[in-house]
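Please read the structure below before turning to the comments.
Just so it is clear, A, B, C and D label the chains in written order, and each chain counts residues from 1 on its own.
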Amino acid sequence: MPDGAAPVLDVKGLKTVFRTRSGEVHAVNSVSFDLRPGELLGVVGESGSGKSVTMMSLIGLLPSPPAEVRRGQVLFDGIDLLSADDDTLRSIRGARIGFVFQDPMTSLNPVFTVGFQLMEPLRRHMGMSKARARARAAELLELVGIPDAASRLKDYPHQFSGGMRQRVMIAMALACDPEVLIADEPTTALDVTIQAQILELVKELRRKLGMAIIWITHDLGVIAGIADRVMVMYGGQVVEHAPVRELFENPQHPYTRALLETIPTVRGKRAPRLRVIEGQPPVLGAEPASCPFRPRCGHALDICARANPPRVPVGPAHDAACFWNPETGGPRDV
Amino acid sequence: MLNYTIRRLMFTVPVLLFISFIIFLLLDLAPNDPTGNLPMTIPPEVRQQIRESLGLDQPIWVRYLLWCKQFFINEPLNIIEQWFGIQIGDGDRLRVRSWATRSPVVDLIVERLPQTLWVVGMSYVVGILIAIPIGVVSAYRQYSWFDQIGTFISMVGFSVPTFFTGVLMIVIFSVWLGWFPSIYDTTLVVEDWASFMQQVRQMAMPVFVLALFNAAQISRFMRASMLDNLNQDYVRTARAKGLKERTVLLVHVLRNSLIPVVTVIALNVPQVFGGAIITEQVFKVNGLGQLLIIGIQGADIPLVQTLTFIFAVLIVLFNLIADILYGILDPRIRYD
Amino acid sequence: MKYRSILAAAALALASAPMAQAGRGDAGNLNIIYWQAASILNPYLSGGTKDIDASALILEPLARYDENGNMVPWLAEEIPTVANGGVSEDLTTITWKLKEGIKWSDGTDLTADDVVFTANYCMAPDGGCQGLAAFADVANVEALDPLTVKITFDKPKPFPYGPFVGATTPIIQRAQFENCVGAKAPECTEQNFNPVGTGPFRVVEFRANDVITMEANPNYRDPDKPHFATLTFKGGGDAAAAARAVLETGEFDYAWNLQIDPAILSQMAKGGKGTVISAFGTAVERLMVNLTNPDPALGEKRSTLEGGPHPFLTDPAVRRALSLAIDRNLLAEVGYGAAGQATCNVVPAPAIYVSTANDECLVQDIAKANAILDEAGWLPGPDGIRQKDGVRLSILYQTSTNAVRQDTQALIKQWWSEIGVETELKNIDAAVFFGGDQSSPDTFQKFYADIEMYTNLFDGTDPETYMKSWTCEEIPSPANNWLGSNMPRYCNPEYDALWAKLAATGPLEERAEIVKQLNDMLVQDGAMIPLIHRGRVSAHANSLTGVKLNTWDSEMWNVADWDRQ
Amino acid sequence: MTDATVQDARQSRAGRSQWADVWDQFKTHRGALLGMGFFIFISLLVIFGPWLWDIPPNYIDIRAKNQGPSLAHPMGTDQLGRDTFAQVLAGGRVSLLVGVTAMALSLVLGTLVGVLAGYFKRLDGPLMRLTDLFLALPLLPLLLVIIMLFRDTLRAAFGPETGIFILIVFVIGITSWMQTARIVRGDVLSLKEQEFVLAARSIGTPSHRMILRHILPNVLSPIMVSATLGIANAIITESALSFLGLGFPSDFPTWGRLLFDSTNFMTLNPERVIWPGLAISLTVLSVNYIGDGLRDALDPRIRGR
């Protein structure tokens, strides 16, 4: 683990609000984290916990309106992405920060060939000629493990299987050798064996290319094997954050513990298609003044209803946002 | 695709024959009569003789077969003769003749085609060129003032009929301002700048009126289709790639949105050849639409039958073209 | 030197042309718009007014009617009469003498052969000749010498001026049409579109149903005419558009048949670019009264004599009341303006035929109409509609589709409602209504309604064949394939006898008396309710001179005299 | 609690709230609300207006012909002195009714043919050739034949007005569904290839359910556009029919015919032209906005945004 290096991405106090016709929805509340070069940060939480919105907020991919990034700072290579102009953002998106979405079925444009879609970022960001871009696209496809890559460039997305399409998406995200790859539940829509293949692929790519990765998932089991650090999100907040081994061995937040307990059962279940604001976690109409997990928490204390717990260090490189101390069973000293 | 096209084309022949028969039956059943518009001073017995001289006393199947022979055998032979300057047989063949003018229908159509294609075709092209950008911008800036005004104008353009807008234009631009002629001169030959300008001036009003109507319709479909596609996941992917907003919109979204719109456009092309009955009437353009309406009013069965049948051929053909275009534009669809 | 002086003289002539007597072709181009486009230039193959008027620019008859309805010799030297020996004493032959030196536009001479050929052309079987009615009873046409033609009739013809008089039967060139007789007539497109004529113009380009371009006939008999070098005969659009082109935009010089709302027409005329002209002929807009029963329940016998009499229109009181309730002057004012006059006659012109016996109806009298109905026992029912013995005065009133006719219908419906008569209006596309299609229930011959309205008229000035329309044998019925012009199904032996007397009477005054009697019978027996004596309305540019609107012949009859100021 | 009951409970809740959701979403669309408001307003006006404004539309007051707007005649009078306001009110009844019913008929026909042709491969050929046939048929003779064949029968069965109404709606409906059918078919063809349809089919969803649940909601936007254009089309076509003598009797005003009749009076009496034209345009506009709102409201991707 490359420790101590300057973070490639530094997020501070990010807040994103959706303005809907039935009022505001506070989807992301004061999220802070950093990402160091070459590391893999896992982001875990149920659907609707604000994972995807956080990541899309970073690079201005949320449709605005209705989304509005209200506060915070996202430092990337010394640039604040939130205050950067559109041109700057565009030159970073796809070139230095790659994105892989969860649904490979609909995320590729059905009417253009895979080759065309792969070549687009190459030509846009790296100014490659058509021929060079094509050669590079073939390389990329080969890199992500698509056999007979050169000839498949002419094929349309519908001619690929789901797993293959996700590989194409990954190839596309990696096209310009980005420093950061954000993978938003890239395996959720795939069946289990394909999931494993994709995971292997990412591991291998990371070894080869050395980019930093943010891996969003609702499945703790998935990232156990690949992540360096894990960030657990709930209700638009980071509730726990720790190196992966530490988190699995010593979970501090009741929500993390609950997630860990569900690993075997969650794994077999077919994941439904997820939507950003719907689902089980609370839909917050205002900035939370109490612990958003309290209604579902088996260890809720009186104070949980009065204040929203801040993130406090609970171990080496480990912090959690909870008033309950699992070791004592009582309130934590904050 | 080629297989599909060939199969469709083969299937087309019986379909067209069937359509031609239905049209003939319909025209024959229709209660209007070639002597209907003659002055009252022509007595009933003479009217009856006129009908007989037109062959109306023959049974319907005889007349239909005669038309088939004239249209499918004699007319093509005649065209071949004219093109290659050769003589086939004795050259004395019965052609499809209009009852009102007693001249070959095909010649009439050839005479009318230029002004119809110029005016109606141009208005269609202009309409599309206006409609697509309007549709795109309206959808992209949904509910903006541009969208609202565009919606308003296209709805008014569609709901106010051309018989009204046409006369309004004439009153304003011909009577009050005197900018454009109110009567289209079909004999005008464009040979120099002055006659070209005159052609432009006489085309301006009919083209505008028709283009407004066409643009209204197409821009609505364009807008709806764009809206459908703007929310698709692949648009987000395209943005995540760092593409320019213009590229996202004009390459990724537009290409998908055009699929249904192109079919709408292709399907309406035959209507260009059908002419615009009311607009042609209002501006006296005297194209195919006017020919057809005169034929129908005068119960000129050979003329109407031939015109309608050619129209039917175009419709079937352009439906095929639309389907093939669909297959080309949308790679997911494969005809086999 | 000599050459130069000729040039100078020519230049002088050119310069002074507008002031001096106008010469051929010095007035430039004449623009005429007919909102119904001409489809053919052979009047024998199309009886449509538009086609006849267009061909009248090129083809000419032996004699025609002037704007006052007087016959004037045209290609003939004089009008043959019994007095000058042109018509035989027994009224069976008429002999025409052609003017000398008349040339076709191709430079050849007009001869009696051409006249004979024209007759044979029209009378040939299978030709579908539309001017055939003019050749009724013609037994033989022969050329006595190159300039003399003799027409022999089957029986005495008191009025022998059917063939070759008026625009419907002009002379066509034998040399051109020789191979186009009978069944071949429709195949001669070139001839039908570009006839060689003796008239002031000849065709340059003919675009069927669109526009005809013409130029002055170089061989026209009067070297100074026509004044226009070229002529454009444009078709298409509607009457209002044609009026606008002459009166408001000034694009055209002459517009034909402007049957539009008089208020609009007079407003357009204020533009100051043109003048609206009108003249009266024999056309009368009238209501036909169905004297037979149109009840659908009768099936085949509907509206036939076998179906029995009409339940209430056979009552003279009802018919008289219906007529009295109508304000014809208002109808004329609203729908026709200067081109309409109230009339109570079936024959409204020429003057010697006009009866004054029916003028009661010229003044609307609703009170009197009500009184007549009360007296006849038709009393208002609970719904305000008069009835008697369970029969309600409920009328289905049909006509062709036409803005003026629909206005007339609306007005009449309102007046009839004031005398307790209920009216249901129906309008039918003209091509169907007048089409006579056997299978359609909506033709004016079938008359599946109680009242129908349209205009009827006769060509020329002689009403003999016209008055025959209401004899018993002219009643349309399934037996004669609904052919016949006696729409009211009026059958009166007295009328038939009187008509037979007319057909055998020669002297004009006696004929006029008989026609008046026939007219009075029709009106007083209530077979028809005449409404409006309709004129023709046209418009010409103010700069156009010499226009004499003629309702007895083609409007183009004196186009050779037209000139530009 | 068994799985089934959980599912049931969730479904019923979803079912109820779905329509509530749609309505909530619809309410937030300002244009759609305005459009609906105007449509209801004009419907009420033409339904109840003739009772409040008691000049009969066909009453002729010839002395007051071609008048401009006044207190007695707020929209002026026509060339026979009939009150334009009364005519617009009376005409609206017919035009709206014809417009809505004919549009509905053509929409149902078009959607049905389009969906069947797009969804069932075997029906595609025959149905599309049928569409070709209808597109190719010359409208005018077709109308003449239909009217000749059925006018008297319908007139006898339903009376002159209802009979003609049925005839006109039928005529407009069966001559204007083809474009909708073509477009819907095209959309269905491409939908059929999409994964969620393939997925739904692979779990054995029966065809009728597939069509109702998965296909129809996704072809809604072209249908909505067709509906908007269709209503304008029906109102105008009706006027063209009257013009040809095939429509309602001449003493039966409709918006289309009022507009047509007044066209030539444009310079003489401009007020007469404006009102029917405005009535048609605003109605079509309002239907368009209702369509927009419905489409947005029924689109789950936008709903709740």
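A few points about this structure:
As a convention for this text, contacts are C-beta pairs under 8 Å (C-beta built on N, C-alpha and C of every residue); 3 or more make two chains touch, one makes a residue touch a chain.
From a predicted model like this one, the values you see are computed outputs, not experimental measurements.
Of the two chain pairs examined here, B-D and C-D, it is B-D that is joined by more C-beta pairs in contact. Taking the mean of each chain's C-alpha atoms as its centre, the chain lying closest to the overall protein C-alpha centroid is B.
Once the centre of each chain is set as its mean CA position, chain B and chain D turn out to be 24 Å apart. Between the CA-based centres of chain C and chain D the separation comes to 45 Å, rounded to the whole angstrom. Chain B and chain C have CA centres that are 37 Å apart. One inter-chain figure worth recording: chain A and chain C are separated by 89 Å, centre to centre, where each centre is the mean of the chain's CA atoms.
The set of chain B residues touching two or more other chains comprises 29, 31-32, 175, 259, 296, 330, 332. In chain C, 429-430, 432-433, 439-440, 442 are the positions where the chain touches two or more neighbouring chains simultaneously.
In chain D, the residues that reach two or more other chains under the touch definition are 144, 148, 193, 264, 267.
The part of chain C that touches chain D in the complex is made up of residues 240, 260-261, 263-264, 267, 296, 330, 334, 400-401, 403, 406-407, 409-411, 413-414, 424-430, 432-433, 439-442. Residues 11, 15, 18-19, 22-23, 26-27, 29-32, 143, 148, 151-152, 155-156, 158-161, 163-164, 167-168, 171, 175, 217, 220-221, 224-225, 227-228, 231, 259-260, 263-264, 267, 270, 292-293, 296, 304, 308-309, 311-312, 315-316, 319, 322, 326, 330, 332-333 of chain B are the ones that touch chain D when the two sit in their complex.
Residues of chain D that touch chain B in their complex: 31, 125, 128-129, 131-133, 135-138, 140-142, 144-145, 148, 179, 182-183, 186-187, 189-190, 193-194, 221-222, 224-225, 228-229, 232, 235-236, 239-240, 256, 259-260, 263-264, 266-267, 273, 277, 280-281, 283-285, 288-289, 295, 299, 301-302. Listing the residues of chain D that touch chain C in their complex gives 58-60, 62, 65-66, 79-80, 82, 144, 148, 152, 156, 160, 243-246, 249-251, 261, 264-265, 267-268. Interface of chain B with chain A (complex): residues 232-234, 236-245, 247, 252, 255-256, 259, 329-332.
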